[in-house]
Amino acid sequence: MIVKKYFSTFLAGTLLATGFVSVAQAGKSDDTLNVAIDRELESIDNYYNTAREGIVISRMVWDGLLYRDPKTNEYLPNLATSYKWVDSKTIEFDLRKGVKFHNGEKFDADDVVFTLNYLADPANGAKPARNVNWWKNAEKLGEYKVQLNLKKEFPAALEFLSGPVVMYPNDYYSKAGPEGMALKPVGTGPYQVTSVEPGKRYKFKKYDGYHANSPKGSASIGNIVMRTIAESNTQLAELFSGGIDWIWKVKPDQAKRIAAQGAFTTKNSSTMRIGYLNFDAMGRHSKNPMNDVRVRRAIAHAIDREGIVKALVQGESMVVNSLCFPSQFGCAQDIKSYDYNPEKAKKLLAEAGYPNGFETPFLAYRNRDFAEAMINNLNAVGITTKFEYLKYAAFRDKVQDGGAPFNFGTWGSYSINDVSAITSHFQSGGKDDYSKDPEVIKQLGIGDTSVDPAVRKAAYKAALSRISEEVFMFPLWSYNTWYAFSKDVDFNPTPDEIPRFFTAKWL
Amino acid sequence: MLYYTLKRLGLAGLVALTVSFISFGLLYISSDPAIAMAGETASDADIEAIRQLYGFDRPILVQYFDWLQRAISGDLGKSYYFRTDVSVLIAERLSTTMTLGVSAITFAIVLSVPLGVAAAIRPNSVIDRIALFLSVMGQALPSFWFALMLIVFLSVSLRVLPTSGSDTWQHFIMPTIVLGYYAAPAIMRLTRTGMLEVLSTDYIRTARAKGLRPRVVLFKHALRNAVIPVVSLTAVQFGFMLGGSIVVETIFALHGAGFLAWESITRNDLPTVQGLILVFSLFYIVLTFFADLLNAWLDPRIRIN
Amino acid sequence: MPEINDKTLESQTKSSVFRRRVFGHQGVIIGAAIVLAAVLIALSAPLIAPHDPYSQDLLNRLVPPVWDSRGSWEHILGTDHLGRDYLSRLIYGARISLLIGVGAALISGLIGTVLGVAAGYFGGRVDMVVTFMITVRLSMPVVLVALAVVAIVGGSLQVVIMVLGFLLWDRFAVVMRSSTLQIRSMDYVAAAQAVGCSTTRILTTEIMPNVVNNLIVIATLEIAHAIILEAALSFLGLGVQPPLPSWGLMVSEGKDMMLFEPWLITIPGVALFLLVLAINLLGDGARDITAPENRN
């Protein structure tokens, strides 16, 4: 390994590790997969955390009524064996019999009704609110039959019911509540939680009583240990020394070299996250050059997106021209796009009255090097920047307060495969909206509430076209994730960036 | 002595108050607590509701005294991020940081004081040069580099120590070295300088002329005097280490109070940050208080008149 | 135990004695030479740097230095993650590191010495107030203050120097205070007071010369400390902002490649190390040289 080579000069003889230290339950020999994550989770209760890792754990420990197949995007029956749209605002579900929770509680309509009504009450503060605030209540129709009443027509209903909305045990949750669930989670999923050290380490064991015929299949790896290791080099060191078997979000330059070493398996997969530039088109922050559409178009032509993707973003990423990820429902691709053309950019700037460019504040919270490359592109056409690089919380606050006339952000849509999860978030007149264009808001509104797929597609296309025409926001590229893991592991990433350990196996 | 103690205690309380007020103010300036509490996906209405409900729209002074009142009775509030009691959260994490801090300062003292004394006794000798070199290394090496190099060498290549985590005492070996090494140079150099000066004073020459054994001269008289600024500095270094522990705790995945402090600051988790600052400053005050007491005992001339 | 003898000097002129001391002292020579070199490099940066330190070349990222098989003479020390020439960045970085170190140390030295000496000499209420300020300052997490300042004012070189200057005075104050306390109770100070010398005179002729040794030691430590602290702040994203080529920032930017392309950290790390070493040698030497002069 390169690491060993680097230190060959220091290593005189061989100092074998004596039984001085017990290497953590190591991989295949202990049927334990050691996984590293890079942040502290606030809670592993599915409804009280917003981290991606929380989503990963959620799929392991709990089940929803339906389950979206990550390859085909079909909605398959899970805890509900069938469903029926009674009318455009009511769904009926038949529930699966014979399912038991990790603590032995029987799964039936009471659990579903309890969970859905608990979540529908805003006082309970489930987050993110958009996952659960679209239904009114649930009614029990029989021991294994439930009816869900929506507040209004909500086309993404099935998308949410097949992912983020999972079923909790009513007896347990009404006694333990979120605090109890965070320390001792109970669900019906393929893995059960055996130990919780909040923010530090979580241990999981295969649940032998998992219901057969689940679309998730049945888990193969017996034990999983998930540890928080914030520093990326430490994660790599743990991987190299065998303390950890699986890591993700590896930086592309690191992944390339790990792949070249050949001691570990590396895989890359696209994700639904896209990067974008947001402009103060309406003058929400101030009177500034971004108010002028010619300036925004100039910037669109000034950024060498292809070059940045090839050199910096790498992996399976690609340039995107529509403010959404291509696989998302409604993400029209046949709209106006902007080519990399610095000359045209300079001409547009001169037309707008800035022949010598101008200086602008520029805000970002991640991918500092991508931002620097873009700044370089801007400098080439005469635009200089006062660059501010903040932590996400500070960035979000500043943007939502109207303090950022020009910023670079990203959005992962919480892996919801629908344009409503991204475009509507940014351009429906909300806190992140710096254009508040009435036409766009109207079209997005139609798309968000109609249940006719054709109507939705047309409306979203209209909105996306206008956004592109006026460059209210400028889509940059899609993101990708690198995974690196031990050669003993057979793991396949999915494009929704939710690693499914219940499909992983030992080789 | 009693008057001195009382005076110091009064001062201590004032310090804690000032620090907590300043940090309260700084936190409020750098973030909006309503947004922090509501979370990233809350709507404007949600945020307004929270602002009203928790009284974030009241003047800063009022909010501060409200916090202070509850803090005095032991209620540090609930973390915006974890939703658990801040006092419980801090208590959990503090034991790791304390273990680390105490081992590190002990390591630093055991390493630097003898080295400083030896260097002073033989100025410009090999040992003096080595001491200087080590002290510069300790300052000029970025601690994260040193930490990661140790990991690669001891954990990945040689496999004698675990890489990260806090399960066993072996897990604390590398972090102690890194953190302690960082504090060592200042202690070593000050010891050396102090010893050099003291050793050449008339006072010491007299003692030697009187025929006292060199060892007696060294320890009873010289070291005792030379060490005075060192004692103060050690207290300062220990406090400083609580800040330096952020890097060490991050790299070695020791989930201590330093790591919690940094993460809470970046997450705008105000109650947790406030609680941590209060605990740190109280701890700090106690430390400098004992350092001053020690100094006063070592050199009666220093006792405040 | 070694003998400690009085040094008996032959009668010579003060300046020739001084000159002999300076040039006879190895440490001072080496230290001064390195610092001088750093200053010269910093001043002549536009003349000697082979490339523009800000110019990016995305097609030539992470090129290793010339001694590696993949390197070339086009970029003697290789390129960074955005394809910028590392040697040029190193050269321009000398300016930034020196500015930060000296600037911060000057500000903090001034604040700390004034406070510390005042506290040590006047005692009483002055001492109480200064001790109070020191304790408050030490209990404040540097990180929090830096973060708040950056959030309000934004990050820039001047801001970083000010922040470091206003945060690093504590060691000056603590050490100056305890040294002054010791000196104050010495016979010769009592004598000066008895004779009726003014406070100013006592401070300048009796106190300051005797604490200046410690001051020099702490000042050299703090210049180095400021430079290193900037690197730590860069690690947390609160130091000098890119694309400025501060050595500290170069080290933290190279961190992700540490296990694969270690030269990204080693090169600016060695530069930092040499500068800090030189400053320390200079400070030590200065103390050694001036010390005997100050004995009564």
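For reference, chains read A, B and C in written order, and residue numbers begin at 1 within each chain.
We adopt the following convention: contacts are C-beta pairs under 8 Å (C-beta built on N, C-alpha and C of every residue); 3 or more make two chains touch, one makes a residue touch a chain.
Bear in mind the structure is a predicted one, so any value in this text is a computation, not a measurement.
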### Task
Using the touch rule from the top, point out the two chains with the most contacting C-beta pairs.
B-C
### Task
Please find which chain has its CA centre nearest to the centre of all protein CA atoms in view.
B
### Query
Any idea how many Å lie between the Cα centroids of chain A and chain C?
45
#### Entry: Intercentroid distance (Cα basis), chain B paired with chain A, Å
38
### Query
Using CA atom averages as chain centres, what separation in Å is found between chain B and chain C?
21
### Message
Residues touching two or more other chains, restricted to chain A: which are they?
### Response
3, 6, 233, 237, 240, 391, 394
### Task
Check each residue of chain C and list the ones that touch at least two other chains.
151, 255, 258-259
### Query
chain B: which residues touch two or more other chains?
30-31, 144, 148, 152, 266
### Contact set on chain B toward chain C in their complex
7, 11-12, 14-16, 18-19, 22-23, 26-27, 29-31, 121-123, 132-133, 135-137, 139-145, 148, 152, 185-186, 189-190, 193, 197, 199-200, 205, 208, 214-215, 218, 225, 228-229, 232-233, 236, 239-240, 242-243, 246-247, 261-262, 265-266, 273, 277, 280-281, 284-285, 288, 295, 299, 301-302, 304-305
#### Entry: In the complex, chain B residues that touch chain A
30-32, 35-36, 39-44, 46, 81-84, 144, 148, 151-153, 155-165, 168, 170, 250-253, 255, 259, 263, 266-268
### Query
Tell me, which parts of chain C touch chain B in their complex?
1-2, 4, 6, 27, 123, 127-128, 131-132, 135-136, 138-145, 147-148, 151-152, 170-171, 174-175, 177-179, 181-182, 185, 213-214, 217, 221, 224-225, 228, 231-232, 235-236, 248, 251-252, 255, 258-259, 265, 269, 272-273, 275-277, 280-281, 284, 287-288, 291, 295
#### Entry: Contact footprint of chain B on chain A as seen in their complex
3-4, 6-7, 10-11, 15-17, 20-21, 23-24, 40, 42-43, 48, 50, 127-130, 178-179, 198-200, 227-231, 233-234, 237-238, 240-241, 243, 391-394, 396-397, 400-401, 430-431
### Task
Using the touch rule from the top, collect the residues of chain C that touch chain A in their complex.
56, 58-59, 61-62, 81-82, 151, 154-155, 237, 241-243, 255-260, 262
